[in-house]
Amino acid sequence: MEQEKYAHLEKELSPKTPILKNVIKAFLVGGLICLIGQFIALFYITYFDFTERTASNPTVATMIFISMLLTGFGLYKKISQFGGAGASVPITGFGNAVVSSAIEHKSEGYVLGVGGNMFKLAGSVILFGVFSAFIVALIKTILVKFGVVSW
Amino acid sequence: MISIYITSFIVGGLICVIGQLLMDVAKLTPAHTLCSLVVAGSILDGFGLYEPLIDFAGAGATIPITSFGNALTHGALAEAEKHGLIGVVTGMFEVTSSGISAAIIFGLIGALLFTSKGNV
Amino acid sequence: MKNGVLTFSSMPSLYSTGVTAGPLEKKKSVFAEQFDKVYEDERCDLPTNEHGHKQLMYDAVMIALSKEKKTIDKIDFFLTGDLVNQMTPSSFTAHELGIPYIGMFAACATSVSSMITAALLADAEQARWLIAGSSSQHNAIERQFRYPLEYGSQKGATCQWTVTAAGAVLIGQHKEGNPSICCATVGKVVDMGMTDPLNMGAAMAPAAMETLSCHLKGHKKTIDDYDTIITGDLGSNGFKIFKALANESGLSHTKNFRDAGEEFYGNDPSFNAGASGSGCSAAVFLSDVYKKLQKREYKRVLLIATGALLSPLTYQQGDSIPCIAHAIEVTMDGVSVN
Amino acid sequence: MKKLIYLLLVSLLLTGCNEKGTHIENTTTHDTVPLEKTLDSNEHVKLAVALLHEEDLIVGIRVNTFSRFQKKKIAKKINKELKKEYPDLEVTVSADSKVLLETDKLIKKGDSKNYQKKIDDIKSIAKEQT
């Protein structure tokens, strides 16, 4: 059988991704995680010396802490299975990627295992974040220098 | 005051919906999806659009990974404003350090405390 | 031209089997009661996943031996494989057993490829007693091929769950009344250009079909000669495609077809498309199918184990997934129909 | 599921049009009428708390839901307007809810002796976020 013909058959028989269902679940889970984040931010604004803007730093740290607990107790993968991108796009998903890699590679020791593999999954996010930030900031700085745009 | 919760829920949820569509429709792997979103956040900040979104949606815009790209760009731009081109490189982690440092610290603590389980 | 088609005139027999499985399989597998030993701990109370993996295989071998009251020093060859990097669990088992060892790799088709090799050695009278089998341990394999265990990624309906199980079988010269291996077909590597590592069933189904038609043609059999034709770990999606391919290639029906991967967890939706892993086919063939042969519920079966010959490296480099399937025919009839 | 989203959208619209409120505390001799007028006349402002004390005028504002996109610009604009009205005062206007919260707390306490120290705190907070 030809590859093309088989690809056609495979596509026909394999179950379709339930996109609408997945999207709704992602919306609810992602929204809920952000909502929890908002409550935590309010907590930091009300009881500590953080403004709306600066509160995002401790909020992110707290969310990653919660993500660590959920990952360690094996709950985050269940949330992810239900919520899909709703669980992996928030910063908790970033935390989950780091913490799960760290836990997984504990058996190889703390230096080679945990240290060497912690950013196995999350590293690319940092790389592309930094690289695109560099390019964007560079372009904007140059444009400002030439007076095309202002800060 | 209530409205910030609603906007954070909806905006945060919508950013996740974009992620889900990238995964399900564009068939990207989770890693590619997250990288795309980070780049998108960074570009939005280049146009000065992400900060207003944060003002509008609070945690709905700061919790999704897009804010990571935004924060990196924001730090770089703020430093570039002060010190010129060299600031692009030096200012990058000025704002974002908390996410990465928290991830490293809690990653290590997690590794100390837990072992992985192969259950469903 | 042999073309991979093998006939064993002396018909080597299966003497005993040993099947071990993890705690999740104890709880969720429909075959759990037929396993010889199940562990309460997923690492068999050992420090690492790979040690647990080794223990699974070791215990399976010891159980198979103890059933026939054989000791290790009577065994001439030990043929096994698994999916971990460089197959260390199998090699470590072999070290612990101290039996002359040939490591076999055919991914999840190792259960059958090792039995074929064992039958060849027995048929050539180069060995009196042999142990064949294969094993897999969920945690070790998952980390090898996919993500860390606790990493949250949404698994689609075509994903399969790697089982924690091992199966070992003691093979010797022909003995009347024992299930015996009469013939086999070594498969070709088939690549239909599938690239999704989360839909292995679809990648493996054409290989299973290729080997099935090769076997039927080479041994001049029809599917009605078999009480069952059981595939290894196609999963519900791959099995569906396999049956569609069978219909398309002119086979009259598929009602005696089974798939170990699909049945393993009893269609529990939390396992998506079902089970996979080199331990899956071994555990089902050597427990359920073997026992049905012994009880003469089955007189002649065709075991087709399928394997996806990919590594994380190849699919990240954009290669498609080449697959293989090996078939072995086990019968309770004294004389081969050939 | 769809009902839930619908419900959320409706409540979002409802909270968008809350009643307006302005609260002003004055310990100086300045006239607060132009301040009130500026704050009330701004269509974006939902809630405002202002404190006039010695040389300082601190205003914390909360803007309508959909005005939040430009809340920094709104704060800046009000700041400019107030500077015109009160040229001899140091004007601080912020849309950050922390400023609103702290100013409100300060007024509610009513302990006018400690005003100055707190006011400096709030001013530094407001500066931090811009």
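Some notes on this structure:
By written order: A, B, C and D. Residues from 1 in each chain.
As a convention for this text, a residue touches a chain if its C-beta (ideal position, glycine included) is under 8 Å from a C-beta of that chain, and two chains touch if they have at least 3 such contacts.
Computed from a prediction, not measured in an experiment: that's the story for all the values here.
Of all chains shown, the one whose average CA position lies nearest the global CA mean is A.
Work out the mean CA point of chain B and of chain C, and you get 45 Å between them.
Centre-to-centre, using mean CA coordinates, chain A is 7 Å away from chain B. For this pair, chain C with chain D, the centres built from the Cα atoms lie 71 Å apart. Note: centroid distance chain A to chain C, computed from Cα atoms, is 38 Å.
Touching two or more other chains at once are residues 148-150, 153-154 of chain C.
Chain contacts: chain B has residues 9-10, 23, 30, 55, 114, 116-117, 119 touching two or more partner chains. Shared interface positions of chain A, i.e. residues touching 2 or more other chains, are given as 17, 22, 27-28, 52-53, 71-72, 74, 83-85, 88, 93, 99-101, 103-105, 121. In terms of inter-chain touching, the protein chains here follow a pattern that is not a line, ring, star or complete graph.
Listed by chain label, the pairs that touch are A-B, A-C, A-D, B-C, B-D.
Looking at the complex, you find that chain A touches chain C at residues 1, 3, 6-7, 9-10, 13-15, 17, 22, 71-72, 74, 76-81, 83-85, 87-88, 93, 96-97, 99-101, 103-105, 107, 120-121.
Within the complex formed with chain D, the chain A residues making contact are 24, 27-28, 45-46, 49-55. Interface residues of chain A facing chain B in the complex, by the touch rule stated above, are 17, 19, 22-23, 26-35, 37-41, 52-53, 56-61, 63-65, 67-68, 71-74, 83-86, 88-95, 98-106, 110, 114, 118, 121-122, 124-126, 128-130, 132-134, 136-142, 151. Across the interface of their complex, chain D is touched by residues 1-3, 6-7, 9-10, 51-53, 55-56 of chain B.
Against chain A, in their complex, chain D makes its touches with residues 1, 5, 96-99, 101, 121, 125-126, 128-129.
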